[in-house]
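In the part that follows, the structures are each spelled out as structure tokens.
The same chain A turns up in both complexes below, where it pairs with chain B and then with chain C.
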Partner chain A sequence: MSGAAAALLVLADGRFPAGGHAHSGGAEAAVKAGRVKDAASLGAFCRGRLHTAGLTAAALAAAAAAGHDPLALDEAADARTPSPALRRTARKLGRQMMRAARATWPCPELDALAAARPRGAHQPIVLGLAARSAGLTPLDAAHACAYENISGPATAAVRLLSLDPFDATAVLARLAPEADDVARRAVEAAEGDLADLPAASAPLLDITAEAHATWPVRLFAS
Partner chain B sequence: MTTVLGAGTPAPARPAPPPMPAPAAAVAPRVAVTPVAAVAPAAAAGPAGVRAHVRITAASDGRGGTALPLLSGEGPFAPRRTRSADPARARVTLVGAMSAPLGGDRLTVETRVEAGAALRLDSSAAMIALPGRVPGHAEYGVRLTVGEDAYAHWLPEPLISARGSDLRQHLVVDLAPTARLVLRDEQVLGRTGEEPGRLSTRLTVRVAGRPLLDQQLDYGPGAPGWDGGAVLGAGHRAVGQLLVVDPAFAERPAEPRMLGETAAVTPLAGQGLLVTAVAPDALQLRRLLDQSHIFTSW
Partner chain C sequence: MHLDHELDEKFPHRHTYSAAHPQRPDGTRRALRIGLGGPVGSGKTATVAALCRTLRDQLSLAVVTNDIYTREDAAYLLREAVLPPERITAVETGACPHTAIRDDISANLEAVEDLEDDLASQGAGPLDLILVESGGDNLTATFSKGLTDAQIFVIDVAGGDDIPRKGGPGVSTADLLVVNKTDLAPYVGSDLEGMARDAKEQRGELPVIFQSLRGEPGVGPVADWVRAQLADWTGKAAHAA
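Right, the complex of A and B next:
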């Protein structure tokens, strides 16, 4: 009995105390701009996010879970995150994930990364190391990361738009096969040369994250 | 129509590309569109598309100026030394000599700016990715190496992805720690009123071998979610980036700021800043990038 399947559920659970609930993954800015206004546009938003930022994050998580140098991955994550607002968010979420992971699945690798990056490493890398420490595979880490990448905006949209939670969950269910595909591609990439890790990006997410960070009043931190 | 070709290279002639639905000239006026189609009489193109390699080397001439010891081109590109506003810098203009890239083409531009040299590269017209008679995608690779205390301005006209085309572009830039760079990269998704083809473009920039910026953009049929609210948003058919790398940013990073609703100036984690913009068309995109007023003292 390895307990790995349940460990994956713990890691991917929205109630895992890593602070993700305070972030909308760009959905708040997209709602304000009128780009996300109903279940259909939420679906298009999540789909684009999954195949860009989601793929990139899942590959970083898979590479960390596979045992690649987390500091080299952290540098690769910086290069893939031109927006300083998104770098701050990724490190803040990484710091919170680190606290939760060290309490849940303590291991020397997590301790070493926490010591090297006291202000937080990029969240997908911490997630990948946490998965590794929990006895999970790179594919598990990629799945958790890809899923979180779309579940965050979908949950946020329920609050931002008073969207029917059933509709928001249906968006996630419809994207499930693509999330599986993204996780699989992330793992394939993590098995290759680190320089070739996916760098898929979404220009609007980068641009609107900067605008969102300057709002005086907002519901979500990002 | 005159044909300009690289030093003595025979023209790899091929038939004209298939007719396209929209007039190319309907693109924004600042963007001169001249795919000099099928200049040579129709000798058959190779079954695998065109293979072409451009090589440019800029080196200090020892008298405060820049020489071009290597300037060779073939096929679609003719690199020409053009008049530079600043005599201390060399200027090279890529002149389109035939319609490219088409499906199956493999085009490479390899540029070295050696220590202490200064090069400005531009192009005479937008590059239009078109479908070819050869099945399969086209590849366009740019390799730019900039040495110590050297300057590179990489300012080509936009890349236009026409309906039915399939292009993979990869720009790889390697900078020495004291190298300075201004690089503009613009993509226009379809000519006016036209759906885009498939376009994948990656920009990889390293300083002293360490990653500074790595971004891949995927658009068009087969790129999931590219026109949704996360990637481009409705009505945006042009996307571009302006990258400035300068060792001075290591001490004093740029301040992030917005340029309207659809463009942002962002300091990178390393010694660079990036302007990212999306816009309805090429003209408005260029206005946004110009509006960033990223003036360098060099």
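Right, the complex of A and C next:
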């Protein structure tokens, strides 16, 4: 389909209206704990996230884009998300992504998933299906997912720490080769058996997400 | 390339719940949605609370709040018991309240959608009106037409009587401008006539209401404006059905 390269830019744009702006990907909790305090520590945080939660999410997105059964993938995502708070977040964002995807690249597969999971499927799966509907490849979906996994925390860190936005963007630029690599690994994994999809996780992200969800005062929803 | 109207026919849910559409997916009329925006502390929550007290006996109402970093506004409305808890929802905005009401309205649409669905499934019948309060923001924050049908911009006399002169999208384009806390004008030396003149200059024929919630007639004139919007909306929805 023509326009696919630009469609990837539309999907991966931080302004794509799918709710991501209200989430920090764990950055708010890490900032509060003093683990992320400048560009260097933000880079370390994003790298850790990219190779763990990022890889797992990117593989789910690639598998959805490749045409695997989204409901089976949704179960696989639950199995890979031990934290109830993060499951809620993933489904909330999946529902928001679904709304945006159906408005931009409607297709029967999105309609079917929306009907089967009215409260939201895991976001990477909806993203993968949106990519598929936009005529994009599994690799495109994995790229979009991996990138979003690090761009979310970087944007949040700018707001939370008043970090120099040029430094935060440079963090993302430095991580680009690794993000490409994660996307490639995600696609390879998605070509195999569903049960063998990556299950990499960052326990500290899971633990802090649970605590963060109970904070009475916070800037980000997660 | 698909044409949009072709997509609309094949995928009707494409536009589900956008304010552009007067009906819910099941064909019933959806509630009128009115946004309240304006700077922090101007009296948005107080106006929402007063509207709820005035209208709740005649209309089926619900409220969505968009707090900046807490659930203060929702908590206040709950504490004041202006509506039962199932009719109040808080949306979290990630440090960017204007994004949630203008650039990425998905969380607010979801809140509105859940209120309508949940109340309908509890047998509370269809909602007439949903008030969406923005987290306090600057003078440029306006609601997307995809989220609300009309918007009220609330400023106050204590925030500086030059605000109407400065204009900005909120002051100049909102469907209703409310200048609140007129009771404080003598204490802060605000020139109400000057504010009215400046507002008229910025807004032309668009309405302006000077209000004090500390005395009579309180929220009455704003409530009347809301009723007129609703009458208009109900007429239009009946026409479309």
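By definition in this document, the second predicted complex is superposed on the first by the 221 of 222 C-alpha atoms of A that agree within 3 Å, B and C clash if a C-alpha of one lies under 4 Å from a C-alpha of the other, contacts with A are read in each partner's own complex, and residues count from 1 in each chain.
The criterion applied here is as follows: contacts are C-beta pairs under 8 Å (C-beta built on N, C-alpha and C of every residue); 3 or more make two chains touch, one makes a residue touch a chain.
Only a predicted model underlies this, so the values are computations on that prediction, with no experimental measurement involved.
Enquirer: Per the contact definition in the header, classify A:Arg88: touching chain B only (first), chain C only (second), both, or neither.
Expert: neither
Enquirer: Quick check for you: in the superposed arrangement, does A:Pro203 touch first (chain B), second (chain C), both or neither?
Expert: Only chain B; A:Pro203 stays clear of chain C.
Enquirer: With both structures fitted on chain A, tell me whether chain B or chain C touches more of chain A's residues.
Expert: The partner making contact with more of chain A's residues is B.
Enquirer: With both complexes superposed on chain A, which partner does A:Val36 reach: first (chain B), second (chain C), both or neither?
Expert: first
Enquirer: Figure out whether A:Gly48 sits in contact with chain B (first) or chain C (second), or with both, or with neither.
Expert: first
Enquirer: Which chain A residues contact chain B in one complex and chain C in the other?
Expert: none
Enquirer: If we count contacts the way the header does, which residues on chain B are in touch with chain A in the complex?
Expert: 202, 204-205, 210-218, 223-234, 236, 239, 256-258, 261-264, 266-270, 274, 276-278
Enquirer: Using the touch definition from the top, list the residues of chain A that touch chain C in their complex.
Expert: 3, 15, 17-24, 92, 95-96, 99-100, 102-103, 106-107, 111, 114, 156, 159-160, 216-221
Enquirer: Which residues of chain C touch chain A in the complex?
Expert: 1, 7, 10-11, 13-18, 68-71, 92-96, 99-100, 103-107, 109-110
Enquirer: Mind pulling up the chain A residues that touch chain B in the complex?
Expert: 26, 30, 33, 35-36, 41, 44-53, 75-76, 78-85, 87, 178, 195, 198-207, 210-211, 214
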